[in-house]
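Shared between the two complexes below is subunit A, which pairs with subunit B and subunit C, respectively.
Moving on to the complex of A and B:
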């Protein structure tokens, strides 16, 4: 443990700022993915183990669209939409069959889809790493220097975009009829059905939205890192951590938890480079032991 | 004795020894080392899956961090056999190392279990997962001891004991199956004891045993420790087989493997997970020989079981058989 390195970093504005910006970028990307997971759990009660595979699919889709059209914005939007549609089919064909099944059955169903998708993308796109989509030209400028901290403008754009998506999500969930129905469905789906709401349509819509968010996270990740089969296997565990820490089903909790995990990763890399992941799991254990319902979750 | 008061103990011992003898004869009828390897692995992974099924099938707790104990058994055995104790103990090294592996795993299971059993449902699953990944991270971080992401390198000696030389394929085959069968017979005693029925009662209705003056938490903790110990034993056998230990054995995907086996074989029959391990290994061997896309095939098979059969193969066979 290099606790002095952490101390030095906090005392230097350059290091502090660049680590904080890095943590914010990690946290916000994570929030995009994890908010979809927590939304699906909150409404459908399903732990979507395949959420990471949807994230991977988003990366591949946007890579493919980028190589055809060469338009960055289009590749991100269409990639995410494609994953949303895939999620819709996935929910209708498979997930909808196991809503009332045991937890083990749900987990295994989702995990089998992870195994299948991991191999399918290898069959379609080959098992080599695909190089990243790349940063759009507008952002191909020298990094910003703020107090000597090196901050790539594209990272700021990712943070801003995730923030806007979070705001839109918040607006949809609190201000629109769809959002109210979704929240009602999380509490009492039977009552909603009795009131004449098509609950299957609502569930499909929520799952599609959740998949869209996973796909969006994957599409953005493809612009800063390489695309490879199995890339969802670490993000899914991180999303679980965020979901648990924030409170399962709570989107605002997921936001807070994503920030915590982003910062823990960023500053943890300075203090204890070998134990950064361990730090996240330590936080997860502590939250589950001390406050199992999560930071923002409701006690049942 | 709480665990040994079932009168068919002698029958189980007899059947176990018979199975062992048949498998020994099998060894000489089919001299293909590939087949021997599959059978060894079926027993090692079968032990692992059966230990997890104590929690899943009999207690209804979906533990998702069971590989932590598999890894702790493997690393304990490996580190002990790499240490200087081997020079002093000489021929007793391997029995001592295996006992130690089980002991360390049981202590770890007690420490983790006492915290985890306070939670229910998905929260229990998540906490076991978190502990497992914490242990995985610790294994990666302690590079000087565990070799980090490279695993326990350099191998270790396997000094012969009681005329058994685990360096020889036949000795290893016979020893692994013998140890596994003994453990399975003992586990059968535990599952059929009043303690075992207590577990089923907790699974089916957690309030009734509590009202009867049962300590649910004590039963859960003991079951967790037994499950962890047997997983540790399985891990130590795997380490002996591979002459090493790898951090992937502590990664979450390793915990998914016994879940597959339980699903494939069946969670409601005692030998279901062992049968699941057999299906899993045969599938593994057959598919990897023919295609690189093992995950695709395994995923489709699991999908068929989850949506089609809706229960493990042995469960299904037993239900069919009883109906006639």
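Moving on to the complex of A and C:
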């Protein structure tokens, strides 16, 4: 463990800024994916183990659209929308049948879908990994030097885009009728149904939104990472850690937890490069012990 | 009893059962005989998930050789029958698959195409059973270098970490001397192979160029999608050179992400696993001048045999072979030769026929383009190890220099002595 290295880093503006920007980028990408997971759990009560597979689908869809259109923006938006539509079908055809089933049944169903999708993408796109989608031409420029910290402009774009998505999500959930209904459905779906609200439509909408967010995370990740079957497996673990730390079902909690995990990974790499994953789990354990409902979760 | 036409249900069932039995015996018996007569080779490998390409390129190479063998009449009419099963890259699953091969399928040989973690599990199984085993993928040195892990019935046809490390370090030391590279960082995957590669490379580099300093190490997890925290460290510490044993999609992601930081403008990258076609062609805008070992490229070794191998594989599968393909091809070639030489599937006879044997090979750089299975540790030597720099398009590599096997063997012995394994 290199605690002194961490101290030196915090004292150096270049290191502090560089690691903080890196942590912010990691955290914001993670937030996109984890917010979808926590939304689905909070409203529908489903632990969607297939969320990582939806992230993978977002990467594949984005890659495919990029290879057809050559347009980065379209590839990200249509890739995410495609996953949203897939999520809608997934919910209507499969998930809607297990809302009242035991947890084990839900997990088995989701896990089956993960295995099917992992193999399906290999059948469609081949067994080899695909090259990244690539960053748009406008960001193919030398990195910025701010107080000697090196920051790629594309990372700033990802951070900004994730913030905007987070704000839109906050607006939808707190300021719109849909958001109010969704929050009500999380508390008492039967009452909502008695009031004449189409609860099935609401559930499908929430699942679609959660899938869209997973797809968006995958599409953005594909811009600077190879696309491969099974790529959702690592992100799903981190997303669950975020969900537990932030509080199951809390989007603001997911935001806070994503930032914590991003910074832990970025600064953890300075102080304890062999323990960055362990550090995430350590934070999760501490939260579970000291505040089991999560940082922003409600006690039930 | 109600009758169906004039037959009772019992009569219909009896007649059906009789017909089925006759058909089964008539059609099935010869095929059972045939199956019993075949030489069974079990292949545990990875056919699903992120490294499925490993299993597919290995089995492609094996099928190519086995089809030729079977079409030529096999071993006195006995064909090789391949039984290929997916372990999903899990050591416990690989061990289970192997036990099934041995106990249920009664295989004659196990051709192990698992990555390092699972290969150790396979080694434990075959050590107990005494089945002949050819390792064709794992590169972790200790699998055959450590006498406590070695087994009399196991042979290794894959590259070995220490061999590659010495070849790499010799090349890197020459570049370092020419360019004045003093400070190093490393980025290696956090599992057995990555740690082995890091240890052996810097151990060997010290022998050739002792004045360097390691200023940082990054240990990303295998299949990690985001390398930002490692890359920001590199950007901040500004090393003269980086050594990495990341591979496949992980290496592609690392290079793509590092390019955003302009890392390779002032830092030399030595990526031991870059020069495989699938990896190089996947890097977006592959920069010129990255250093890599030649995992598998048609350009090295620069021989007609190697180009012919590349062509025959590409003609069948529509894609270039991988590093794993050549390793499996050499392994199955040794097995087929041993079968022909002994005319038997007896494990002891086959092991004797493989041990210490030298054979001509498209990847051979020994006398007369040969590779050998060394008697001492039943491990392949004299295979092609080259280093060069990348260019953006095919053949992707230029300025390739071959490694000197005398130096490799000399330093390997020193390393084994240090470890107490010799």
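Following the convention adopted for this analysis, the second predicted complex is superposed on the first by the 300 of 300 C-alpha atoms of A that agree within 3 Å, B and C clash if a C-alpha of one lies under 4 Å from a C-alpha of the other, contacts with A are read in each partner's own complex, and residues count from 1 in each chain.
Just so we're on the same page, contacts are C-beta pairs under 8 Å (C-beta built on N, C-alpha and C of every residue); 3 or more make two chains touch, one makes a residue touch a chain.
The shown structure was predicted, so the numbers you read here are calculated from the model rather than taken from an experiment.
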Clash or fit (per the criteria above) of subunit B with subunit C on subunit A: clash
First, second, both or neither for A:119, with subunit B first and subunit C second: both
Subunit B versus subunit C as contact partner of A:175, first or second or both or neither: neither
Touching partner for A:15 - first (subunit B), second (subunit C), both, neither: second
Which superposed partner A:221 touches (first subunit B, second subunit C, both, neither): second
Touched partner set for A:282, first subunit B, second subunit C, both or neither: first
First, second, both or neither for A:103, with subunit B first and subunit C second: first
Contacts of A:71 with subunit B and subunit C, given as first, second, both or neither: neither
Touched partner set for A:233, first subunit B, second subunit C, both or neither: both
Partner chain in contact with A:270 - subunit B first, subunit C second, else both or neither: second
Clashing subunit B stretch [against subunit C; choices 27-35, 117-125 or 261-269]: 27-35
Residues of subunit A contacting subunit B in one complex and subunit C in the other: 115, 118-119, 122, 233, 274, 277
Partner subunit A, residues of subunit B touching it in the complex: 56, 62, 64, 115, 118-119, 121-123, 125-127, 129-131, 133-134, 136-138, 140-141, 143, 148, 252-253, 256, 259-260, 263, 293-296, 298-300, 302-303, 306-307
Partner subunit A, residues of subunit C touching it in the complex: 48-50, 52-53, 56, 190, 216-219, 221, 223-226, 228-233, 235-236, 248-250, 252-253, 256-257, 260-262, 278, 281-285, 319
Subunit B-touching residues of subunit A, taken from the complex the two chains share: 47, 94, 97-98, 103-105, 107-109, 111-116, 118-120, 122-123, 233, 237, 240-241, 244, 248, 272, 274-275, 277-278, 281-282, 284-285, 288-289, 292
Subunit A to subunit C touching residues, read off their complex: 9, 14-15, 18-19, 21-23, 25-26, 29, 115, 118-119, 122, 127-132, 134-135, 142-143, 149-150, 152, 154-155, 221, 224-226, 228-231, 233-235, 265-266, 268-270, 273-274, 276-277
